[in-house]
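Below is one structure; the comments refer to it alone.
Order as written gives the chain letters A, B, C and D; numbering starts at 1 within each chain.
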């Protein structure tokens, strides 16, 4: 479904030494933790209190991730991680990411994650619990009733 | 293209504390480093000397990764990471992974990576350099000429 | 106080790619997570059920760590991490570590950690709660009364 | 020897989700990578070109680290990592760190690292090579001749 660009957030990060690998570039798995920072900022902006979300008893695991890498990031590079949510009718939270080098705006990588909501035992929730209903309101589930 | 199951390798790992997150389960980005361990074992089995590969001046970056997560892994779980290469005609190395819990053989995750070969400056190689030609021989590029 | 060598445990590990840094050697912070694996194996051997320890409401944070690095570890090296507890009269758990290369038994690093027990709010416990009393019994607090 | 407070640097960081552990706090090993960020900023301020240091053929490994943890850091906390070098007459680079919570200035941890200079083969250098002589000049080795 379509991306809701009005909710785009961009998080600035600086590459840390511990994120680089023997090739001298950022190890590819670390982009997923960068996506995480942008996704949580997006959740906050959308009105989800992520600090207290754990107290609801529900969890929001990543169930799918994909990433394409275009150009490597190096130690101390300043980067910009953007996240845009996808419109959704169901209890899935789909986010698209781009990672740019701040200098020159070079595109380094782009990716997607899908999160769902489950009980602590891992049972999938098909309807958004109260704490997360703001997501449904803003990402389109409500607007199409 | 088809998966070459005869080259399947399986690497056993035990989940480390440092790999788990505040939900008490393995942080999703860590599966990518598990894939890496299985992929390098696969390269070794296929005849690529990964210890000296760096001396060739060529590098083999991951350019695409995807993963679907079915069930969480927990601290100290014994897991099995399997890797199977895909047949290929070009200088791309495509590998498919499954992650199972050793106990019960439960499927935890499955994923795919694509690696290419580049010069240190990032210029894509369209033909396999000598050090890596064994890959072409075994994964089909040569056999279909 | 003296080290209780009879409780020594040794955990074998293999260096993963994601643990190495741009110098091509294991990033020094990763030795602390190796210590963790050996320490938890030690706790298990001493009779502490670490799987259910979290349910007691008490936590056992590391409050001090030190490490001296003698020789670097490389990707795919097989290493042995040994942990030996120190005799103790108080609610502190002091462990000494050595890290050896399996091949040649070369000493790579040695270190020490100190853990205490606290409430979830971080209040220090001066007496061991029931779940952890086995530590006091085995590490000397009881035997010197 | 005495700390050279005039060279103190402070690096701001925000705690990332991937740095936290099942206790919901920053995993203790991650403080070492925070120290690294402050140490490299200190080297830059002292005049060492760390981008080209690798080209000299010399490396600067951490040979000792210690850390005491006073209070845990949590996800999204804004923290300040300060580094102060110690005066030195020899080819050792000793740095002391403090980690504070930005809000309330609460002290979270303090630590020390020792780095040396070696050839790529690990042979210890007793005199600073040219690229690093600025360290000797500024940290006292020259001024006491």
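The definition used in the following text is that a contact is a pair of C-beta atoms (placed from the backbone, for glycine too) under 8 Å apart; a residue touches a chain by one contact, two chains touch by 3 or more.
Owing to the predicted nature of the structure, the values given are computational and were not obtained by experimental measurement.
Trainee: Quick one: which chain's Cα centre is the longest way from chain B's?
Mentor: The chain lying farthest from chain B is D.
Trainee: More C-beta contacts across B-C or across C-D?
Mentor: When C-D is set beside B-C, the one with more contacts is C-D.
Trainee: Take the average of all CA coordinates in chain B, do the same for chain C, and state the distance between these two points in whole angstrom.
Mentor: For chain B versus chain C, the centre distance works out to 31 Å.
Trainee: How far is the middle of chain C from the middle of chain D, if each middle is the mean of its Cα atoms, in Å?
Mentor: Distance between chain centres: 24 Å.
Trainee: Mind pulling the residue numbers of chain C that touch at least two other chains?
Mentor: 17-18, 22-24, 27, 29, 33, 36, 54
Trainee: Could you list, by residue number, the parts of chain C that touch chain B in their complex?
Mentor: 16-18, 24, 33, 36-37, 40, 51, 54, 76
Trainee: Over in the complex, which chain D residues touch chain B? Could you list them?
Mentor: Contact set of chain D toward chain B: 17-18, 20-24, 27, 29, 75.
Trainee: Quick check on the complex: what are the chain D residues that touch chain C?
Mentor: Result: residues 22-23, 25, 27-30, 32-33, 36, 54, 59, 61-72, 122 of chain D touch chain C.
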